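To keep things clear, I will list the structure first and then write my remarks on it.
Chain nomenclature is as follows: A, B, C, D and E, assigned in order of appearance, with residue numbering initiated at 1 for each chain independently.
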Amino acid sequence: AEPVLKVAYAGSMGALMDKALGPAIQQQAHVQYQGQGAGAYGLARLLAAKQISADVFVSITPGPMQVLQKAGLVGVAVPVASTQMVIAYSPQSRYAKDFEAAAAGRTPWYEVLQKPGVKFGRTDPKTDPQGRNIVFAMLLAQTYYKQPGLAKAILGPVVNPSQIFAEPSLLSRLESGQIDASSGYLSAVISHKLPYIRLPNEINLSDPNLAATWYDKAHFDITQPDGKTETLSTQPLVFYAAVLKNAPNPKAGEAFIKLMRSPQGQAMFKRYGYSEPKGGDLR
Amino acid sequence: MSRMPVTPLDSATTADIASHPPADGAARRAWVVAAFGLAGLAFLALPFLGLVISTPWGQLQLQQGDLGALRVSVGYTVLAVTLVMGFGTPVAWWLARSSFRGKWVVELLVLLPLLTPPLAMGLLLTMSYGPYSWLGQPLGKLGLSLTNTPAAFLLAQIYGSAPYYIVAARSAFEGVPRDLEQISLTLGSSPWRTFWRITLPLSSLGLGAGVALAWVRALGEFGIVLIIAYYPQGLPVKLWVNLQDTGLSAVYPLLWLFFLIGLPLPLLMGALSR
Amino acid sequence: MSRMPVTPLDSATTADIASHPPADGAARRAWVVAAFGLAGLAFLALPFLGLVISTPWGQLQLQQGDLGALRVSVGYTVLAVTLVMGFGTPVAWWLARSSFRGKWVVELLVLLPLLTPPLAMGLLLTMSYGPYSWLGQPLGKLGLSLTNTPAAFLLAQIYGSAPYYIVAARSAFEGVPRDLEQISLTLGSSPWRTFWRITLPLSSLGLGAGVALAWVRALGEFGIVLIIAYYPQGLPVKLWVNLQDTGLSAVYPLLWLFFLIGLPLPLLMGALSR
Amino acid sequence: MHIRADIQQPIVLQAEFEVHGFTVLLGASGEGKSTLLKAIAGLVPAQTEPFDGLPPQRRPVGYLPQGHALFPHLRAWENVAYALGGSLRAQQAPARELLAAVGLVRQADLRPAQLSGGQQQRVALARALARRPQILLLDEPTSALDASTRDEVMAELVSRMHKLSIPALAATHDAHLAAMADWMVLLDGRRVVQQGRPRDVFAGPATIQAAALLGYRNRFTATVLKHEPQCNCTVLRWDAAAISLRVPMQPQLAPGGVIDWVVPADDVRLPPIKEQELRPSENPVLGRVEHLMVRGANTTAAMRCGDALLWMHAPYRLADHHGLALGQELTVDIRAGHVQCWGREG
Amino acid sequence: MHIRADIQQPIVLQAEFEVHGFTVLLGASGEGKSTLLKAIAGLVPAQTEPFDGLPPQRRPVGYLPQGHALFPHLRAWENVAYALGGSLRAQQAPARELLAAVGLVRQADLRPAQLSGGQQQRVALARALARRPQILLLDEPTSALDASTRDEVMAELVSRMHKLSIPALAATHDAHLAAMADWMVLLDGRRVVQQGRPRDVFAGPATIQAAALLGYRNRFTATVLKHEPQCNCTVLRWDAAAISLRVPMQPQLAPGGVIDWVVPADDVRLPPIKEQELRPSENPVLGRVEHLMVRGANTTAAMRCGDALLWMHAPYRLADHHGLALGQELTVDIRAGHVQCWGREG
């Protein structure tokens, strides 16, 4: 049988991995591709605790990758793609018309989200990068549009039980029309064929060049499990990949990273709604 | 002692006692079976032995919110099991005491939630009880939201545990002789008093086993809860959050806490039934 | 017809027949109970009704790999249930036929995997069978990897279904009169032949129910599988992957496929037991 | 008391009969005796008289099902107190009085499992009496009693019923119990075939099936040979034993027809007849003693006569005097007047 | 055949006795009769003679447990074929032959639930005989039989045993069955208290418990008043009835001591004694008839004598002649020679 290549990746990348990159590497490197997608932090913790094993780990934002670096399982991680925050909405929503208008730039999107009765969904800022990023995006929008209180008005408290859902169910919930709008990565929203509202670069966290000067102005506090308060800062929405030091099949892992960085791989990324890698290696 | 002649049957009896397999062959087989059984038990026990080995006993420390999760889990599980008993008992009694055409449909309905994988069950519940669903919308107008609310948490636990309770309670009721219920009626007791004073005490052990099972299933329910009630956070979701947040070290104390509150009821029921 | 005097007991009988509750009060209560039961049933049925409503019947289309997942699920579930029967039957038989001090420990061991939430069970299994664990490491050196392999998939299914089978099989065996087994021995049959020709046929309905339950549990097992055997992908994990990759529309056909293969066995067993 | 019941489910059964004092309803297994009692108690849907239309809890009947059906989780006194209604504790004193009335003062605190069959029955009786029933219904009252004490326990029960003067209807397949009754009702083919005082019924069963129910062991078939008006008798051919029998004239039987006949085991007579003294009313029967049982002053024997087995009872002294022994050849006498016949229909 | 069994678990029971032909082991419920049979069959751990140390499947015994225990999922012939070993189909012909030998040709294809109690017993017998056992063990063989056919079925079983000449040991609490036996063994207080031919055992029970087992209804206590050597008798005071009784001299009984005594119901004599003809061996007893049962040629009556109930059997003709009726006052005779006494220990 062909050797196995195990890829653990941030759950939002499922469509790209399973339908494009996976089949491609199977052909190229004559390996059997096995992808495992889940919350990036969850996967990183399981890998760090050696509860599961993988050859390649693909993380969104540096955070999960840094968990593995701290555990000594990863040396240098390379950027392979980037994405941006968008607001996805449900075409069945009774506010769909308003969202369409916002997507076309005719009305400010933040006003639509503040309409009474709009149900907004996001993921857990404690465990999921996306959950943190939507909070940053709203904080940035507050400054960008000079709308004090915007973040609070749309999101409520940082941990707002009426908005936070487990990651796997968020977009399905939107699809089945059980919420009106939700946070999302552009890439994932495209795979799910959902309509969305693009956000300006100053808000969508996609540009590492804006990190130092602009993104870093957004901070929020979160209570750590040990009870201490931690102040979080933005991390660029870049996908990093690395071969694990305890990879059962490091060669195939290297080949996979090479594929992702090749023009062929980048074309696939683009097809699935991702942008080009931004910023430097993660050490 | 000589074998006596079996006069009219001599021609018919062709079996010879000595033709039965020798005792040592049987003994060997008995050992093989016993070995299978013991291996099975050891196999079931292994992961728990592994847990005992792996647990860093020195540094077992609860995370922030763990006790809150404990409170949520215990509180709502008690409520969920009570509700399950409330509507599951009549259903079980009905299944035990009636026979009618199409009963299999009812049995199927009871089995369906048990059969559906939890993730799918969670999605199904979202489809029916979500804020914009055919059921959720009218309920929402009445002020009852069934997403990320205590009511949603209960809903998840109820769907996860009710079938187990109903199946157990049904066989408990089937074990109560109808004679005794009938005699109670003829003694002037109403069906209501008969149920409370005769049927219930006589099926109490079986019902207790059903309650214990429902307790365990509701307490441990994860897949459904994750989808429709991320909040309020009970122990299983907290386990998942701790894992992602902090890693495995934050899981051990919660796991032991879970066993500590989950096991006593089933163990008590086991002890009583002996 | 006049009431006859109950001569020596007149002073003792203080109860009056007329003091029993009137029939219409009882009827009202009966209706309340029936309403509870029917409400419970309707409640259990709702999400499935919702599924029927929500399913886009026109565009039910299987995703790539769905049939592969079906093959994996059915194939390994058959194998897992066979293995569970193989080691669970002796354990159940032992629990049914022996009584000894400390039996509760064995019962606890059987119940533990049923009690542990699936996610935690998955973690426990990696602690013991993971590639770097106390058991997984030596096993790995022997070439047996228990993560993301068919063996791991089986492992997850076995832990998820064995307790249910054992509990059901135990009570099936307890329902076989010992008299019949003993008479078989005195008729010259070995314990082995007795088991196969008497005990097994007489407990077959109960065992069948246990097999049906194990089948359903193993087929639907998600939490454990997700942690230790993301591959090979069976239906429940494929459901999850489809949900992540494509969305809800890719879940419906899989869910119906799942019911289609999961339900016949339990329904058949239900039909046979009547 | 006049009883009528019209049952459609689970079996079809119409019955109408009288209950006088302790009445035994005798029928084979499966005749629907239990169903009939349940119908009277309101436990089976049926039209009944009396109590028609009432739910079971409002019918003034005391029902004692087969096996007594004491509540196993309640003590003896609690079983009785339960029937008195209200809280058990409040009814403790009257419950204990009722138990005392059936002679169970000391057993009041025991659980059913700790009581003998007879004691259980008395608790069930006290419990049934607690509601001052107008009739007692007993289903197979002897079935849970030890063989060694059965007759005593039942005799005591019957005399207790007489003292209480509550009519009682006991369903059974045990003809022994019927012998103690004031009145008996025979159920056969899902209908009442005979009722009357036990002496009369035992002496003159209405059908061959009734005779079987009543415990007549000597039931045989025969062919009608001819009528002999000169001795006012009919001659039968007992085919199984290849013997001719003279019985009182039965003009309604056509020669050549098959009939059933019985003779009570008590009426098969020792000593053997001397041929020369034979009278037309005597039927000598030759056979070999195949079974012989002696208990106390009585002997029971069974003689093999061809393919048939003829049972007889005799006082031991008589049997001993004639040297009755296993394997012995013997001629006994069946008097014509003791034979009863029924023609077969169709 | 000599039987010995030493059981420690689940009860402690040592027993040693003979089995001759059809032997009945008579004992009350709970005496361990079933356990003893199981021990002989090897189903309960015990030291036994014969067959010691063999597993049950190697002991040449035919065991018929209570309720017959036919395999419900097998047809009658399959039940028998199962005991012949090997595949059922291969043994069909011999199995059917064995069934034919017990008269069940036509029932061979039926399931146990479709058979009557007596037919089930015959299938169980055929099945037990299939292995050519050296002894048959029957546990409560009458318990699953209808009262109306019990005696016939058992009589047939006993005569079948005699034909087969296989020794059989039947455990029962039913003294009726013992009357049919060739030999009987009495179990009381977990030990064998008496064994012998039924006639002898019934005539002379060894203890008061044995008398109870044997069905003696008239069991009473009395106080020894004095010995009267002149009439070679001992005088007792029957306290419950407030009557003095003369019984044959019992020198071992100390005056003032409490004793148990019995008199067979057959030996309580009508007609009433005329006072002037009273002999020392006669004990007139006055009472009131409380129960009266007539069945066929026999009458059973119970007389109330103070607190005691005295049972008597009499031929119907005699009872009729003396006008025996419920509530009638009556003096009967208990002859000294018919009374048996046992002193109480301690």
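What we mean here is this: a contact is a pair of C-beta atoms (placed from the backbone, for glycine too) under 8 Å apart; a residue touches a chain by one contact, two chains touch by 3 or more.
Only a predicted model underlies this, so the values are computations on that prediction, with no experimental measurement involved.
Undergrad: Once the contact rule is applied, which chains count as partners of both chain C and chain D?
TA: Intersection of chain C and chain D contact lists gives B, E.
Undergrad: Going by the touch criterion stated earlier, list every chain that contacts chain A and also contacts chain B.
TA: C
Undergrad: Which interface, named by its two chains, has the most contact pairs?
TA: Answer by contact count: the chains B-C.
Undergrad: Please report how many Å separate the Cα centroid of chain D from that of chain E, as a whole number.
TA: Spacing between the chain centres: roughly 22 Å.
Undergrad: From the mean C-alpha coordinate of chain C to that of chain E, what's the distance rounded to whole Å?
TA: Centres of chain C and chain E (C-alpha means) sit 51 Å apart.
Undergrad: I'd like to verify one number: the distance from the centre of chain A to the centre of chain C, where each centre is the average of its C-alpha atoms, in whole angstrom.
TA: The mean C-alpha positions of chain A and chain C differ by 38 Å.
Undergrad: Can you pull out the residues of chain E that are in contact with at least two other chains?
TA: 55, 57-58, 83, 85, 130-131
Undergrad: By residue number and range, which residues of chain B touch two or more other chains?
TA: Counting only residues that touch two or more other chains, chain B contributes 15, 17, 20, 119, 123, 127, 133, 188-191, 240, 243, 248.
Undergrad: Mind pulling the residue numbers of chain A that touch at least two other chains?
TA: Residues 46, 51, 168-169, 172, 176 of chain A each touch two or more of the other chains.
Undergrad: Across the complex, what residues on chain C touch chain A?
TA: 54, 64-65, 123, 126-127, 130-132, 147-148, 227-228, 230-231, 240-241, 243-249, 251
Undergrad: Within the complex, which stretch of chain D touches chain E?
TA: Where chain D meets chain E, its residues are 28-29, 142, 146-148, 151-152, 155, 158-159, 172-176, 179-180, 198-199, 202, 212-213, 215, 217, 264-267, 290-291, 293-298, 300, 302, 313, 315.
Undergrad: Flag every residue of chain C that touches chain E in the complex, lowest number first.
TA: Interface residues on the chain C side: 177, 179-180, 182-191, 197-198, 201-202.
Undergrad: Along chain A, where are the residues that touch chain C in the complex?
TA: 4, 6, 11-12, 14-15, 18-19, 34, 36-37, 46, 50-53, 168-169, 171-172, 175-176, 191-194, 248
Undergrad: Help me check something: in the complex, which residues belonging to chain E touch chain C?
TA: Residues of chain E touching chain C: 38, 41-43, 55-59, 61-63, 65-67, 69, 71-73, 82-83, 85, 127-128, 130-131.
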